[in-house]
Amino acid sequence: MRKCKVENIYTLLGEISKNAKLYIPVDQVNGAKFTEYAEGLTLSNALKTERSIKDFFFPQTENLVDFKVSGKIIEIIDNRSEMEDFVIFGARACDVRSMEILDRVFLSEPVDTYYANRRAHGIIISMACNRPAETCFCSTFGIDASKPAGDIVCYKGENEYVFEGVTEKGKNLLEKLNAVTENGGEDTAKIVQTEIKTILDKLPLKDVKADKFGKDKTDKFFNAPEWKTLSEACLGCGTCTFVCPTCQCYDIKDFNTNSGVKRFRCWDSCMYSDFTRMSAGQPRPTQLERFRQRFMHKLVYYPTNNDGIFGCVGCGRCLSRCPISMNIVKVMKKLGEGDNE
Amino acid sequence: MEKNLNNAREEIIRRSGVNPSKCMKCGKCSGTCPAYDEMEYHPHQFVYMVETGDIEPLLKSQSIYRCLSCFACVDRCPRGVEPAKIVEAVRLEVIRQQGANHLKAEGVAENLDEEIPQQAIVTAFRKYTK
Amino acid sequence: MQVNEFKPKIVAFCCNWCSYAGADLAGSNRLSYPADVKIIRVPCSCRVNPMFILRAFQRGADGVIICGCHPGDCHYTSGNYYTRRRMALLFSMLDYLGIEKDRMRLEWVSAAEGAKFATTMNEFTEKIISLGENKRLEDLRCKK
Amino acid sequence: MQRIGVFVCWCGSNIAATVDVEAVSQALAKEPGVVHSANYQYMCSQAGQDLIRAAIKEHKLTGIVVCSCSPRMHEMTFRKTAESAGINPYMVEIANIREQCSWIHKDILTGTEKAIVLGRTAIAKVNLNAPLTAGESPVTKRALVIGGGIAGIQTALDIADAGFEVDIVEKNPTIGGKMAQLDKTFPTLDCAACILTPKMVDVAQHEKIRIFSYSEVAAVKGFVGNFDVTIKKKARYVREDVCTGCGLCTEKCPVKKVPNEFNLGMDTRRAIYIPFAQAVPKVATIDADYCNMLKNGKCGVCSKVCTAKAIDYEQKDTLIEEKYGAIVVATGFNPISMEKFDEYAYSQSKDVVTSLEFERIMNAAGPTQGKLVRPSDGKHPHTLVFVQCVGSRCANCAEKGKEYCSKICCMYTAKHAMLTRDKYPDTDVYVFYIDVRTPGKNFDEFYRRAAEEYGVHYVKGMVGKVMPEGDKLMVRASDLIANKQINIAADMVILAAAIEPDKSARSIATMLTASMDTNDFFTEAHPKLRPVESPTAGIFLSGACQGPKDIPETVAQAGAAAAKVIGLLAKDKLKGNPCVASSNELMCNGCSSCERVCPYGAISYVDKEFRGPNRTVLVRRVAQVNPAVCQGCGACTVACPSGAMDLKGFATKQIMAEVDAICK
Amino acid sequence: MQKITREILIDKAAFLLSTGVVGSVFGWRAGEFDYDVTPALFTDKTDLKNNFVFGDFCGANVSKYLIKATKNAEEKILVFLKPCDTYSFNQLLTEHRFNREKVYVVGIPCEGMADVRKIKEKAGEGILKISSTEDGVIVDTLYNGTISLKKEDILLERCKNCKSKKHVAYDELIGEDGTVLENDRFDEVAALEAMSPEERFNFWQNELSRCIRCNACRDVCPACTCEKCVFDNPESGVENKAAYNSFEEKMFHIIRAFHVAGRCTDCGECSRVCPQHIPLHLLNRKFIKDINQFYGEYQAGEEVGSRAPLVNYTKEDIEPNDAVNKGDK
């Protein structure tokens, strides 16, 4: 492990930003946001950024390819530019886990090269959650907020930041920072971890359990009567899906510029009435089905297809953003209430 | 002088809030005016003369003090021109130019006629003081 | 001739009954106005949807002008009154968003006002040229 | 994908001089959808049109773009050309490269460039054009005339004479209207009854005309050519088919003190009455408000004396449903109430009368048998004062009077003054005026005769006040020309009251969805070019319901309205304009925004069943456009937030494509 | 004034349910915390007693739900409406969006709702409990202990400028009716108007660039009740799922505001639900301000069946060119 004094953290960040684009959480007008590092910026103390690190690897809109039409000839232009390396500092355990979930979708065959390219160039420095919020429930999915994954894990102690290289990429980066760090910090890391664990035990959602859900539970929940009441107030907006670090559905749109066509993709939401119209042409007819899809996907379908791993990381963003305060915790509790066997 | 009177016209129009060009010259104001015979210039003439800028004769005329402010002309004008307000505004112009009050409360007693209605005294205050 | 002379793109929506006829009259009388102005014929100015105006800006227009019958003369009796309200609110909103308010205009041009049509278009084009390229409501994808 | 043919016209040198037509046709040939592009000297010529027809056949064209003069010039021509070659006329678009291009640009480069853009824009539109067919609807060959005054009578007669059936609905027991109450008519001074009553008889006897007197229009549905009208026939307690109009009942009825509305309350009639001798239909009517039998079951005199057994106390209001192809509104006017003009002492003195009341006094069939006497004491008046413009031209007294000029007062006042002086040379007659307005054939001569030959005193200046004093009316006015205030001790004062549309007009306008102005006069479709038509198709305007009018004007307009109706009824089918709005019911949510902006009442709502998700059925209120009524302005398309409403021929997508093509 | 508690409302609802006046109740359901209240339909009395809540966090305007809820309802639905909700209720009726006969409205007074975002800003993360007091709330937190906050500091943005405490629609009122209030709701708009065009442009560019097009503003809006929104309809020509650039961000918000202009009751739900905290109400309020200024005061929803300013006109309306130049000298 390597460590650096709290007051030296900006020197360290400055060092990182010399070789790669660095994004750190900074308090903006309305909450914390990953912002490209520049001298003078201050790290946010907020637990979570408003939006997850998903945006870096799978942006809301991206131009995939262009077509130029002249007469009867169509020319295809791949306008991808060379990707630069970038580093994200301060990702939380939940967000880091979300990358694993996204990887399983985008990096399995056929590989999404746009995503893969960004993954290859991105390094994630995670940060243990000193102050989890009441909406946090990552432990439900076996995530340890005191020991996040990531290329490098960081612990913030009272006087020092402690860094631990995890992956090859991470270790290499950490090595380059030897000039601004020193060895040690294991004790601090331990203390931080213990403190976090104590808090985790006090969280109101610590007892939310996912064990009733998971692989092959489709039949058990699909026709549950509870979906009706749960989905009743849902507005059908896409807020939950757009703030979710693991939602990965997208749509591909062609935009006719009059002199050619720009093909771009953008996030889609299973909450929208025309979701999946593009493939089967039979979008789910009512909000009940759309609502059910979202939660069944997170809790049943994804685990079924991915060795039992849940599609939710318990970050709690949907809990605080849903305009009508409906969320996955309420769904899990309600569905888990009775014994539906 | 020319310019001054032009200002007087604008000032009278502004002060009275009356748009004299709304007048369709029907004469109902003068037809209804109880002080008609006392006046050298009659309500419709006030409106017309202000409209054309012929202010000076009005300023010099005693007519401005003959108007009873009974507002019959205002009430009956089919176009809503409100001639009495114009008369009032001309009167004010004179008073402002003179810069003095023409009536003081102390002076009422000596001028008081037993027959004079209360309304006339109030009106007199409105007319002769500002 | 200057090489980089700014040639604005101006879309004019003209109602079929008055303003389009006014434009025709301008043509018949050989009253010249800039070629930058291109006319779209609509039955009535009230057919002009705010979306058309935004669409024009998106696609690279630098100015949009809507012409209709004078109030009270609408072929459909009341269409231009609705246009007047819609455009008053839309223009005011665009101004509120910081879009140059002179990029859009509503003018009443009757079928007899060929000269007015031409002068209006000349003035409007001049105004747009002085404002320069539309940058605040552009969609870069549509720029060459 | 369309197969579009582009045809660039040279218009001799009109276009070709400043537009390189060859370059234009070559450039446009590369546009999407274009399979053929040609140019020719005169496209509109027979040879040019043949060229288009041949190309349509040869290249199997589905759409045509003609780059030529204004569509206002030759769009029709080229549509017909296309139709004759077998493609839908609405698949033709014109790029106006003459008025909007060659004629205004001197530089050939500029002209050519712009012509290409204009052509490209038309092509972009045609790519999205769809064949349009005008809808057809049958025409019910019968007209309804609402109002049986001179306007309604004349319209009905003219329509009926052309061979179409006409029904007149009149709310009073007889037709005849205001004209029946008049004494003489200006400027010829012939007797109103002498010229009106023969027409009333013509109406009664015309085999094509039915009169629904004492009836009202209760409901109107449908649209041009196909109106469904409900007429409420009010109970008159007399069987119209049996009553002979002998009038015996009206003499025997014991209830004698009913104010006679025909004489404006200046005398009385019985509870059963015939309004006047020449009434049509000449049938008695029982006034239920006064009849003892109807009120408390005690009387029955009329029934006893009626030899024809026409009295039926049990009669009820009946509703009649009829179909009409056209409706003419002829609801007429009334003088406004004088109650608010207290300065003229109308409510204080019986000797202050309105002109219409004076008309009855002067009428030989009126309450005084035509003798000019004061209503208060029956004495002969010596000094009469006429006041013009009472309540007319009132700018800011909306609650009191009217802003407009009532138009007829100057002339009838001259008539009254003249007649008074003619019959009673011992009288002094004053007319107080603001302006005397006499445009009209022989009108000014008439007015001048009153002043010059009959010695009527015309005084410029409004009367300010009328004060009853003893048996005199003290009139105070200013003579603006003499610059004097004058006081006249008059015996009678006659007020030329402003006229206003009949109160029933507002509810009729609502039923007809015909628009009205702020004064409740019906709005015409175009103030100059379509003065007798309402903007609502199939609704026509006759007489004073559209604005103040004298008799000659009313009759002229009545005839014009009839001509328009005949033109409509002569058609077997109505072909609509195919460029009309239509609502996509799947997207419409029934919010009524479109209905509210439609100037024609073309939009209505129906509750419709839709297949909901999961085999459910949902009932939704959705808008439907009646293509026969819609005129295609497009106001609804913008009012509709969801875009459910679109306009054929000028569809949202088409206009957007044009925008795109211009900005490209 | 009578303090409205959940018990009063539950009693009212239970009474109306048991007498058969209504078959169900639209209200608010308790959540995991004290602040995450969800609008919900209750049919069962036990459920009502256990889970119905009313308090500082019942800001959601439930009028719009009536469209869906009344569709297949056989019996009347009881709905509790705050004064501002009744305006939306009337506006929906004006647009024939549901059958009035199917709804039983109980008007309830409102003293302003709390904004949990503001509480979190002040009390920090880790909120364990929020209890209401006479003039504010007491917050128990994980990290900052117990904090008491004044009501005026935690009011929802829209409640700070409450336009009316008067119910414009109800079958029955609980408590006394209030009045239409004097308010400063146009001050923010006026402040923006006073800026230079550049400043305004930068302001909105910054605000709107945060938009993630989740459509929450649209989906919650009681005026946005189209069967199919133009932005969701591939046939409309403006369909667009996520804004690719600033133009599309502006397009969506301008057109949306325009589509609800004259119909927006200024209920403020758009700004309340925006996950990106964009002050969307400032767009709608601009239209309301302009409408009031150009065409006379108009409050959408005040009266059922009133004619919205954009489907109305007078012959003397202001010319658009004058409308935008009104501030110039």
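Labels A, B, C, D and E are assigned to the chains in the order they are written; within every chain, residues are numbered from 1.
In the analysis below, a contact is a pair of C-beta atoms (placed from the backbone, for glycine too) under 8 Å apart; a residue touches a chain by one contact, two chains touch by 3 or more.
Computed from a predicted model, the values in this text were never measured in an experiment.
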Chains contacting each of chain B and chain C, listed by label: D
Of all other chains, the one whose Cα centre sits farthest from chain A: B
Chain pair showing more contacts of the two, D-E and C-D: C-D
Of all other chains, the one whose Cα centre sits farthest from chain E: B
Chain centre separation in whole Å, for chain C relative to chain A (CA means): 47
Distance between the centres, which are taken as Cα means, of chain D and chain A, whole angstrom: 69
Distance between chain centroids, defined by C-alpha means - chain A, chain B (Å): 82
Length of the line joining the C-alpha centres of chain A and chain E, rounded to whole Å: 31
Multi-partner residues of chain E (each touching 2 or more other chains): 230, 237, 244, 310-312
Where chain D touches two or more other chains at once, by residue number: 597, 639, 652, 656, 660, 663-664
Residue numbers of chain B (touch at least two other chains): none
Chains touching one another, given as label pairs in label order: A-C, A-D, A-E, B-D, C-D, C-E, D-E
Residue ranges of chain E touching chain D (in the complex, touch as defined): 71-72, 94-97, 225-230, 233, 235-237, 259-260, 307-308, 310-312
Touching residues (chain side chain C, partner chain A) in the complex: 59, 141-142, 144
List of chain D residues in touch with chain A within their complex: 30, 612-614, 660-661, 663-664
Touch list for chain B against partner chain D, complex: 22, 24-33, 36-37, 42, 44-45, 72, 76, 78-80
Interfacial residue positions of chain E with respect to chain A in the complex: 31-33, 35-41, 60, 65, 116, 125-128, 142-143, 210, 212-216, 218-220, 232, 240-244, 269, 272-273, 275-277
